[in-house]
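Read from first to last, the chains carry the letters A, B and C; within each, the first residue is number 1.
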Amino acid sequence: MSTVTHSSPGESTTVAPASAAKPRPVSEFLSTYVFSKDHKVIGLQFLFSTLVWFLIGGLLALAVRWQVAWPWSDVPVLGKLFAQEGGQMSPEFYTMLFTMHATVMIFLVIIPILAGAFGNFLIPLMIGADDMAFPTLNMLSYWFMWPAFIAFGASFFVEGGAASSGWTSYPPLTTNPAASPGSGMGQTLWLIGLTFVGVSSMLGSVNYMTTIILMRAPGMTMFRLPMTIWAMFITALLQAFALPVLTAAGFMQLFDRSIGTGFFSPEGSMINNELTGAGGGQPLLWQHLFWFYSHPAVYIMILPAMGMVSDIMTCFARKPLFGYRPMVYSIAGIAGLGFIVWGHHMFISGMNPALGMTFMVSTMMIALPSAVKTFNWLGTLWGGRIQFTTAMLFSVSFVSMFIIGGLSGIFMAATPVDIFIHDTYFIVAHFHYVLFAGTAMGVWGAIYFWFPKMFGRTMNEFWGKVHFFLTFIFLNGTFFTMHILGAVGFPRRLADAYHYETFHHLQPMNAFMTYCAIGMVACQAIFAANFFWSMFYGPKAGRNPWNSNGLEWTAPSPPGHGNFDVQPIVYRGPYEYSVPGCEKDHLMQTDPPVEGMVVAAH
Amino acid sequence: MRNRLAGIFWSILFLAVPVLGVGVFAIAPSIDVWLPKDVSSHGKEIDSLFYFILALTGIVFIVTEMLLFWFIWKYDAAARGDEKATYIHGSHTLEVIWTIIPAVTMLFLAIYQMNAWADMKMRRPVMKPTVEVVARQFEWRLRYPGPDGDLGTPDDLFLVNDLHVPVDEDILIQLKSMDVLHSFFLPNLRMKQDAVPGMKIPVWFKATETGQYDLVCAELCGWGHYKMKGRITIESREDYDAWLEAKYREQEATQPEPMDEIL
Amino acid sequence: MTHFLPFLVTAMNRHSTFMCRNRFSLSPVALVLTVCGSLLFVSGCGKTPAASFRPNMVEAAKQRLKPEQEEQVATILEAMFGTPDNPIAMPETGLDIGKLRLAAGPVHSDIVGRKNGLFREHCSHCHGVTGDGMGPTAAFLNPYPRDYRPGWFKFKSTERADKPTHGDLVTILNNGIYGTSMPSFELLGEAKVDALVEYVKYLSMRGEAELNMMRYFFELDDEDEGKLPETRDFLVEEILLPVAERWQEAEDAVIEVPEMPEVDLAESIAMGKELFYGNKANCVKCHGVTALGDGQANDYDDWNKVVKQWSDEVQSSHEVSTKEMSREEKAEHREYLARADKALAGDALEPRTIQPRNLRQAIYRGGRRPIDFYYRIHAGINGAPMPAAAGTLTPDEIWHVVNYIRSLPYEFDGELGADRSMVARDRL
């Protein structure tokens, strides 16, 4: 961290540590490292915060897995922290655990690590800008995460515990405080936290769009943008259009809970053996509003990773991206279609089945752009000169795992099959393959890849590969098995499913998955050690350790304030690797054209 | 040469994905971690569609994962000597092919299943409800219409969790919820439908075999979601009628039952 | 694990010198790994303490028991009843130890694969390991889960003050209590339900024995020096038997139910209606003229009343002036109040009023069979304000009221100005 803002231009390898400088007043420290408006510092603030929450979310997941594998048995660690009677986990504590696991992972990890950490760090660097268009907004987008951190974190300690109605927060379970212990103060804090996450995302999204549209370096046309930037751009668009709906819905739910409106409460229900007051609402309305945001949000959670993987993969395949334009169009297609498929979360919700049929068709169609992207990645690998760096391994595994996550989606898109597998572990397998085996693997790839740019040092490759290998094995052990559990109909969110005869025999399989999950979390210690050790003691990286093409690699590592020592001028797209007739195997975007060289025109 | 070994190692790791992936699905039925026994008339359609999609995605899965393995095996830098990577930006023809083929397949799949969906959720049999199921935290309250066939009359029969239906007959269930969302899930009858407070949702099926199966709640309904267990008993018309009558007699009891009948 | 980890690290370390291009010392990595591993090991394998019965702190504070007296009660109770993991059934209790073992203990399968620990699997998160109705979930439920310790049970076939029969409790477990959070456990199967009922009886006897002991200190002579005699005779005769015998007697004390009078149903309903609104039965007082349960609504049931009355008492003691007291008295007073506040906050739930039943919802907690209604009207509901009608109404009249009540959900809604949404036809 200390090295980020103090490298003078041109000095990429010798960076004076902050401690060597003369003592500076506190206010300067605060404005440099805490309330910084520099996009790189904000990006790293996001990165560190989200990695901490990643750990918390992972531990919550372990507690969930513990209960699923060995229900009602003594819980290690948490059993002592939240002592319940007889050491066993109470069922409402379990519902709280999986709710908060999802909430933390989605709202405090995946979305902010992609858009907040990498979006912030990479956008100005990759388009050749000296900073974001609105640095203050950018700073605020980070600091608006803190009320959310605090609200979600504090909700564990209020009466009744944290929100416990699932991250989807379906009413009337959530609108009536009597319906569930977590629907008391915990749910209110959850809604408040959600609103702040929304504000943060919105500030970021406005900033990214403006920056990408207005602040590109000379020569950087839209179709010379790296895929990462395209993905970030479309993600920002998605957020800008989908978020207001969620925010509005969140407020409606808050009003239902606090001032007695009845948007989501039907007439005359009886909750916890008492008649409810307000009526005239519809629980399905929430589902429509929620998924109108949250389905696009699923793409918000993967598109940036897809973009980053494309950049990493071309670099280590030493080959231009196969089908650049189709890749861009398919991202746009996913984003466009993403707005008209939300109903596939509601096939059996009581929504008109005819509407379900419509959503089924649009959902089937969204498989197309995903297929196009996969084939193009394969095309990129074909004929390359593949270097097996850690970042590359994570990227290849992203593709390999995304295939699984994508294909399992087709089962759910098929409405009759969805009748059976809806709300089973098949779904759990599906979205963990997309979000963990996909996005999280992409994020690790990106961390290994851009680490030199962030800290001026490279991460240890050997330990990186050990980390990759173990994570890859354990993640498949954990999540692949879920598919066949889903085929039995094993429902999600049950604290103890083994008293059903149908699922009685699945306990050993769940125990196996829990062992794998424990392994998966444990082997992140390798990553943490590697990360922090390399930050201070890793070998120094030059400006362009991977011989990559993007603009960010022309800046010093780490880049100083203002990013570039020389104004970059862009002559070509970012994927000109192995150009025939060129001496090097990569041709950077800023390398002036040489006469007689054949370069694709875009 | 050492580098080449690394390439081989990683390629084989990625080869393990399709091999073990297919292996898991191949073994699953034999260790009984697979679709539970189907006893409904419409379940065959769901199962065959499941197998059809499984085959289709299985082929795509194997082909793409094998290609991935083959490419990283073959195009490992260590294996290519001094040769440069192929300088190619894409292929219009290929893009068209791999857009059209999935598009046609998906469209076919979409149209192919529409009829099944309509049968299961849209073409409801014209009849009075066989039974009303009211979900509440955390049990299934059942109401049979009694001899007059109408719900909401004094001869209704009230029960909890223990659903009985006759075999080989159309069953129409009127599904309601008293408090929050629940989901009426019969794994062996391949039927699932959310219960929404304020709505009466029809659910229909026809059971083809007698037996007892689980009734599961599949939508998070609060802290006791896991314990919302019911049971469906499918029996012959005669047994069903006898059971209904016995239960009705029990409900109308004006004298205590002998101890051995309770226990 | 702690032995394994450093070994793993060293092994990898050695290996990496050949494989790793960037050669550097791995000791920091090894250090962090070892620390993380050991932390995981230490925190992960610590066992949570075994489950234990909680003492009845409300009663102890109320009876102003000394710490050593509390301890004595706990010791005697453990000797007589054992622990949650290892119950004891003294022959005087008439309890079946085999059934208790099935229900007690942590959730686990024994050597023949039979599931043990049924109570903790199905019951304790509401009713508490002790059966004090204070499980982790209890505070969020309406009504509160039953506290077995005073030995009062509502829905049964015996007279108001009597214990329920074994069959009564089996019926409750099988049917659940509609209108409360108590679900049906019928699908567990007969053997498990039977074991659970036995365990409920065990917890109830234990709780009542505890209460008896705590109250007995009051009757001690000076020569006892504030200690209960620990003779077998005393404990069995004075403490255990008064409780156990009443449980055993209940089996033969089922209320005799005469046949329903052979009158036309409509006629019977009309007579029942008259009684319902008349002074003799006076059902309207609580259940309201609309029968929506909107009559007298400021009553507490006995469980809540105990807490409510005592907390009012404590509240007023807080306001007592301490000026007149000597220093010792003052200290004692303060200590009593501190204990009382602690017990009320940690060992009792916030008292709630009891609502008379809405008779138009067709939701009946104590069962919907005519006979269930008969028992409830005849004997009243133990622990609740519902009085016994046995003295005032003849059996025939009780049957008329039963018939009227059973017809209420289907009565034309407009007649009494009832809220439509509360009527069975629409809402069940």
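The definition used in the following text is that contacts are C-beta pairs under 8 Å (C-beta built on N, C-alpha and C of every residue); 3 or more make two chains touch, one makes a residue touch a chain.
Source: prediction; values computed, not measured.
Chain pairs B-C and A-B differ in how many C-beta pairs are in contact, and the one with more is A-B. When you average the Cα atoms of each chain and compare centres, the chain farthest from chain C turns out to be A. Inter-chain centre distance (chain A to chain C, centres taken as mean C-alpha positions): 46 Å.
Each chain gets one centre point, the mean of its Cα atoms, and the points for chain B and chain C are 38 Å apart.
Chain centres here are Cα averages; for chain A and chain B they lie 29 Å apart. For chain A, the set of residues touching two or more other chains reads 90-92, 180-181, 267-268, 270, 272, 496, 499.
For chain B, residues that reach two or more other chains under the stated contact definition are 137, 178, 223-224, 227, 229. Chain C has residues 137, 140, 181, 427 in contact with two or more other chains. Within the complex, the chain A residues that touch chain C are 71-77, 79-80, 83-88, 90-93, 160, 178, 180-181, 267-268, 270, 272-275, 458, 460-463, 466, 496, 499, 522, 525-526, 528-530, 532-533, 537, 539. Interface of chain B with chain C (complex): residues 132, 134, 137-139, 141, 143, 152-154, 158, 160-162, 176, 178, 223-224, 227-231, 250-256, 259, 262-263.
Within the complex formed with chain A, the chain B residues making contact are 6-7, 10, 13-14, 17, 20-21, 24-25, 28, 32-36, 45-46, 49-50, 53-54, 56-57, 60-61, 64-65, 67-68, 71-72, 75-77, 80, 83-91, 94-95, 98-99, 102-103, 106-107, 109-110, 113-114, 116-118, 120-122, 136-137, 177-181, 183, 185, 187-188, 190-199, 201, 213-214, 216-227, 229.
On chain C, the positions that touch chain B within their shared complex are 122, 137, 140, 157, 167, 170-171, 174-176, 178, 181, 183-184, 186-187, 190, 194, 254, 257, 259-260, 362, 368-371, 374, 406-407, 410, 424-425, 427-428. The touching residues of chain C, counted against chain A in their complex, run 12, 16, 19-22, 24, 26, 28-29, 32-33, 36-37, 40, 43-51, 84, 106-108, 117, 120-121, 124-125, 128-129, 135-137, 139-143, 179-181, 188, 421-422, 426-427.
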